[in-house]
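In the two complexes below, chain A is the common chain; its partner is chain B in one and chain C in the other.
Let's turn to the complex of A and B:
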């Protein structure tokens, strides 16, 4: 018998994302979790099918505000496979730089949120202050700070002005010191450690069983990184290591993300030296045949998969997105049970969920869930 | 008329102290922060706001307790030696009673609404109350024993009891509900804790009580440990203590309830006893 049910979300100060958790408590401890999403389904997959390929890149970039470049890179990569185009080297380098800078913005935002969830607002303020350096750098490269539509089919839309390369390099140099300071803070502060060490353990077997991806998998000792396995863009030429930790608790996840930030800075600086004069785009002829392609990238939160099917028109016949949070949410029940209510915000944020990208539709008719065909669903709207 | 002057001055100082806490904390966190008089603006605005009556909550009790909590805290000000209006022989007992009541009022408010957030908030506050009030009462009673009087007298015992002072600062932090002890108002877990269902007039009263609590706890630390001889010295010492309180608020993350309890009883309480035993043998 549970003592009390605490509703957590869909509008909650801790989690600015539309998710609803019912936490069944006994005293302070969680004995049961009921989880429901579906409050913010945007129908983007359908919207992508209604647009021409050239336009739908922008729609893909707006699936997520934080990993916008990951989505466009993955989408364009898929479309380029359909068209059999090779993109010029310079475009690959610019895509890599934006991609890594985006990982930095995402992880800094996450670190700030972690601080906020454990009641440490100073860490939140510090992380967001340092994040400005990255946003400024992204602005110098793409002209935008948040949703940067840098990619297009066959290359990138904007060249980096030569004088900006120096500025970005300088910004990253400053940022490196700041991130090292934050790393020290997370690793050494006694109260932070008290809150996150040994909380929410996921072991290696569970990671493989539940197919977890990204930093969550790497924190449990599974070196699964699409940048290493797929070697897309120019990751083959760059020197970097996949950060892993053994323990699989919240602390390990924090350390993995903070160290990944340092790796990202290194990667971006390496990539900046590889910029050579040349074209930035191979403009392909936009003629599609009946084909399908799968493309994956390592988004800041983990493996992002796009499945694209084309027919003879200039619109995609089907686009399917599998965001990393969708894979990672599987372990939510496992890490929450048995922990105290005070740990819930920290545990949820340690997965770095982005629930808007993850939302799925459930059809409910006469109070029962139903599985229907895609064509029927499209008939509904 | 002196009574009215004292009431208005302490309310004003309470708001200003809270404003200073917010402003200085903001500057430490690299933010601009609100103006120092922001709590006054908030208070006036809240008074004009609508009151929502939550179904199943005891509304009369909440209103009554909110007023009583402010009155209790204002009475504490009268006990202070610099004001000296309640300057009778056993006012130490009254002081302890009023300080306990100010916390108890928050616990009662949480339990008088059926919302799970307020109930969890009140439960946490009640548990934490056991943890910080016992050390505080031990400190106060030790002072009384030291002076062989149950009257609140200014004393500069920081020279003899430095560890007790450290302990008192920790207790102040817990009593004020500031990090690392803002467990019962952890907005990430239980929104506003025991005050979740309050609105309008009651919320204004409780905010006023919280502001007064800052002023009273800081003043009490000043009176007990620094022996301020003039009003000027009183504010100098108060601002030093306030600065320490703000620094702790900014520099620390929040404890979990078990960690907070353990810290108060296993770290701050022994500090008091070390000081007492040390003095006994010297």
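Let's turn to the complex of A and C:
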């Protein structure tokens, strides 16, 4: 028996993500959760069908501003499979560097947001200050700070100027010390620990059953990382470890992400040493036949998967995107149940959600939910 | 792999690649095929893709085990447009099935909560991704 239902979002001051939660409370504690998404659904999958392949990369890169490069890498990788084209080694190296730098920006942004949600705005400021080093480095490589558009079918669009390699390396050197400081802060600060240790637990079985991905899965001890399993781009030649934790709580997810940042710095620096002169693009003949392909990458939030289908035209017949947050939404019920209302923003931000999604108007009358249609609302004037 | 041999008896391989196999499974046998995937110990469904090819709706289930991707395709006639849920075996398919249902108008029989996911609940008209 629930005694209260509190609507939370989609525009809540404590959670700037377009998700609407219905929290069923007993006193302070959450006894049931229902969520709805769709407030930001842009119909990109359908829009992609009307675009030529060469143009659709730019659309794919705009599905998400933070993991733009993950989307373009995944999309181009899928299209390259359709065309049966191999990309030059140098293009692979550049893609990997941008990919890892993007993971750094995403995790730093997340760390800042976590600090902000728990009222620790100093952490927010620190994380965003250090994030500038990464954005500057990305700009040195791709010419852009946020939505990079570095990839194209058959390779990358821009070569790294040799003098910039040194600058990026220097930036990453400075960043390493800064991230180590942040790691220490997250692991030892009593305020952070009080707020996030032992809350929002997800166990290993649930991770597998609900098909959770990315740092959320790894924080519960499931070493699911597409970089290791699929070995796409040049991840096979690089030395890195998959960071896992056992506890599966908010704290474990924080530790996983902070340690992953250090791994990303290592990866990016290793990849910088592998840059050898050579071509950056194999320009393929853009003739498509009836084919289908599937492509996966490890985006900052977890496994991102594209299903691409072509027909005899130069436009995709179908593109299906399964983003990591889409998969991770399944665990909202698990992490919120039994926790207090005040912990909701922190718990949700520990998933690092990136929602793109429409909703309905519901009212609860005598314990029954009723869907109110637009005409009914008009009728109440 | 034992599972592949088992699936070959039910359906047909139409494409093979590095670490991936694509099967086409007759509509009536899809439940049995997915049951054998489940019994084999694959617990992760990574995506469900749907495509309207003009004549039929193609539904592809993408299962994953480490680096191996198993794709099972089933063709559903547009007149019938329904398929059984797999959430009883793969709870991770909950949202994926909802999306398939609203975007391509495939009715999911036995889905625990068959409401809309992205579209407004009072959305009327043909499913957006139907041709």
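Just so it is clear, the second predicted complex is superposed on the first by the 354 of 381 C-alpha atoms of A that agree within 3 Å, B and C clash if a C-alpha of one lies under 4 Å from a C-alpha of the other, contacts with A are read in each partner's own complex, and residues count from 1 in each chain.
Note that in this section contacts are C-beta pairs under 8 Å (C-beta built on N, C-alpha and C of every residue); 3 or more make two chains touch, one makes a residue touch a chain.
Keep in mind the model is a prediction, meaning the values are calculated, not measured.
Legend: residue contacts after superposition of the two complexes on their common chain; A:309 is shown touching chain C, with no touch to chain B. After overlaying the two complexes on the shared chain, residue contacts for A:320 are found with chain C alone; chain B is out of touch. Once the two complexes are laid over each other on the shared chain, residue contacts for A:118 go to chain B alone; chain C is not touched. Residue contacts after overlaying the shared chain place A:340 against chain B, while chain C stays out of touching range.
Of the two partner chains placed by the overlay, only chain B lies in contact with A:195; chain C stays clear of it. By the touch criterion defined above, A:6 reaches chain B but does not reach chain C. Of the two partner chains, neither chain B nor chain C is touched by A:74. No residue of chain A touches both chain B in one complex and chain C in the other. Those residues of chain B that touch chain A in the complex are listed here as 28-31, 116-117, 119-120, 179-180, 182-183, 186-191, 250-259. Against chain B, the residues of chain A that register as touching in their complex are 4-7, 12-14, 25, 28, 115-123, 125-126, 129, 189, 191-192, 194-195, 340-345.
Interface residues of chain A, counted against chain C in their complex, comprise 37-38, 41, 43, 45-46, 81, 208-211, 229-231, 292, 294, 296, 303, 305, 307, 309, 317-318, 320, 322, 326-327, 329-330, 357-360, 371, 373-374. Only residues 15, 17, 19-20, 22, 43-47, 49-51, 60, 62, 66-67, 69, 71, 90-92, 94-96, 116-122, 128-129 of chain C touch chain A when the two sit together in their complex.
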